[in-house]
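Just so it is clear, A, B, C and D label the chains in written order, and each chain counts residues from 1 on its own.
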């Protein structure tokens, strides 16, 4: 579950490579994608063979939250920076909390979480900074960021174990950015039970194509 | 002419010219052109490899490739910064790229068709870049030389990773082996062409050599590259697609078939397989990022004026 | 009130009302609403199935699916034309859809997650549509009745194709069988909900029945659908996900679990899994096509004035 | 070669389903896609098993012209109607000629070609009509259509066996549409030899994913 979230977050963030709005952001998004990918590998390796899990399961077997599988914009192929930042803000806040709890519990999972929690804090800071810049930037950026937050809000209900704590972290960021906190809509759920959006099977088709085309090969 | 004499002495003594020092206009212009082209190549060079991040066949390879593409963005940043010490801004250079007034390495106008191409780019393209760039670590302009030291270190790391990809493929299944050979077949001559036209036709070389920006001729470097690749290809068990490639005992070098320089010129002129795509991709990223950059600027201004108001 | 009496007599005698005939305002409005919603459903309904055209597992299946989605566009066209006989324009109706003022069938707000869903939509969704629509072939408004005859013929063809997809899957590999069952599990209740709220809560039904637009109640049609599906599911070897489903000898019908009408109301209200995507997709297609429609209009105008000039 | 051209043309045209600028055009593009798909099936079946050929080859084994594999716009995921029409204009003119020659030669290939040549004539008429509408429509449509024709021209050199005859058909359409006939650029070739653009492997990854995920299954 944690591994699937991180893996798909990495896959989506990596789509930005060579396309970010600034070169600094190209470096930063790749960095965050690498952190997510690193976390995914650690978590998946606890559960089995990382490549077997990443490349041989179909979408109904993935247990990620729907948020991470959504494209980088409202439609497939879109690359909307505000949308990506909103996704990252929501995800990283939840990951930080989850990892903190796990780190406190110790054990093999706790050891990994103790490492990834620091990264999540950085991801959250980065996303918060951009949320402020876009929310409190130009009228256009405010409008776009508002749209992203509104549209994505329904996908935030299976992110955190403790939604109240998650809201306590998110609300001040939105407030500081001058963004309205959306009303609570009908939650979009299902990912944790393997019931995904239409987007995931496309993502996996691309991600897995080479691995699956050569069964048993070493790379 | 005092300053000219001083400058000549610095060059003569193999010392570094630094940003605040006086330098001839041509030296400055030549450097800007070269560093900018180098920076542009890093930025455009993200595309062909970036094309395989989403499809990398294992998570480890995905991480390595993503880190490499990230390094290229980083190299672009150092190099634009180095160019900025010469009195141009990054924005000016980016505009020159976007508008097609400055070039990038023509090698990035070839497509990456298979995963093996990621290996071939690492081994051959980064390999050629290193052969080109190692001498630049001693070039006469300080900021460029220092940027090159850092970049070369990372490039040689990338080259090893590319070589390792090909090594795994060439020792893998028959399909993987064929993929590796096919990739070498396609990338060999374009890589040789990376060293530029033959010395007899090279335009900027003499001046650059005098200024100790360039330290070896195109043909010298190309030969060095061929001599380096031949034994490596042997270890890979792959065949360099040149029936005339052989060791020449007299010269102490390999004889080899020159790349098709007419093709190189066509690609440089904009008619390579992917020139239009690479430029369109870059332009689109630039254009679609405009609203984000504007928002960041606006926010920074607001924050500054809030701070000023608070300071009062 | 002469006309009203005439109209009542036509309805009473099971004759057709035609476009030029007088009709009560409510009748006209109700029909426009219903036909438009039906047309919108065809247009939005292209999306969930369209989602699998590019990935259809054989070329034959790809052709069948593409033809089906094309038929839906065609049905949309007939139906908008039928609505236009009532004095509205297609543009008005399309705007009403785009702006969310008119609805489409809520079934299309569920995602197609696997290839089996293409089969399930054909079997269940088209099956339910047919049960709904066959009586409409006898409805009192002529143009609508005639459009429905043509549409029902094609729909029953589609339903058979969907059934055949599921039949192949349920007699295929274990993975295919599981895919088929999973699909039935997800589409069963939403298909039952296609007949609308239970009769006790249905708002438009009584009037529609009086006008012989609607001829059976929601619950009647739902029951007919269940009775039709049960033996078909048996042939497929798939299990309808309703533990309480059983034959009731007394009623001569199957007893079954009602769908979750609260969920139906939520989806109708816009909170289904894909409402936002379906609307965004439609809006985008509309917006991105604007320049093409403008060009066609401009060209037609130029051509007309050229012709006029030539005619002089 | 003919089968691959038609198959990929169909796959690209079908991407328009539910997204065309008008409903009539939704029907028309699906119709043309169906014709191309039908032709592809006939040609591929002459060469072997149609599904084996469509679903089990990788991009280096396809022998299509590059034009048909290009996306429906300058970049992957684009859906540009003018671009699509320009592609169809160039392709259908060539297909019609090729099919005419084959039909005259007879044999099993000729029998198929005799059927498909009529379809190609319709495709060409449809594309010609839209080329005129867009070329001679609004300034925006003229600008877009010009861009498409210019960018795609380099991909037209391996379409027709007799380029002069092909030009003799295309040039009047462009002229009537008020579109400049581009200068002859460096031709983009390679598809006939299995050397494709970066787009084809993505197209195939999506097209083949389901078939390949279930080896040996019947559908």
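Here, a residue touches a chain if its C-beta (ideal position, glycine included) is under 8 Å from a C-beta of that chain, and two chains touch if they have at least 3 such contacts.
Everything numeric here is computed off the predicted structure, so don't read it as measured data.
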Problem - Reference chain B; chain at largest CA-centroid distance - result: C
Fill in the blank from the handout: Cα centre of chain A to Cα centre of chain B, whole Å, reads 33
Practice task
Return the distance between the CA-based centres of chain B and chain C, expressed in whole Å.
Solution key: 57
Fill in the blank from the handout: Cα centroid separation, chain B vs chain D, in Å, comes to 36
Exercise for the section: Give the residues of chain D that touch two or more other chains, as numbers and ranges in rising order. Expected result: 201, 205-206, 209
Handout entry: Contacts with 2+ other chains: residues of chain C
Key = 55, 281, 284
Problem - All pairs of touching chains, each written as two labels joined by a dash - result: A-B, A-C, A-D, B-D, C-D
Completion exercise
The residues of chain A that touch chain C in their complex are 59-60, 74-75, 151, 154, 185-186, 188, 190, 195-198, 201, 205
Exercise for the section: Over in the complex, which chain B residues touch chain D? Could you list them? Expected result: 51, 55, 111-114, 182, 186, 266, 271, 273-274, 276-277, 280-281, 284
Exercise for the section: Quick one: which bits of chain B touch chain A in the complex? Just the residue numbers, please. Expected result: 43, 46-47, 50, 53-63, 66-67, 69-70, 73-74, 76-77, 80, 115, 165, 168-169, 172-173, 175-176, 281, 284-285, 288-296, 298-299, 302
Handout entry: Interfacial residue positions of chain A with respect to chain B in the complex
Key = 7, 10-11, 14-15, 17-27, 30-31, 33-34, 37-38, 40-41, 44, 50-51, 54-55, 79, 81-82, 132-134, 136-138, 140-141, 144, 206-207, 209-211, 214, 216-219
Problem - Sites on chain D touched by chain A in the complex - result: 58, 76-77, 201-202, 205-206, 209, 212-213
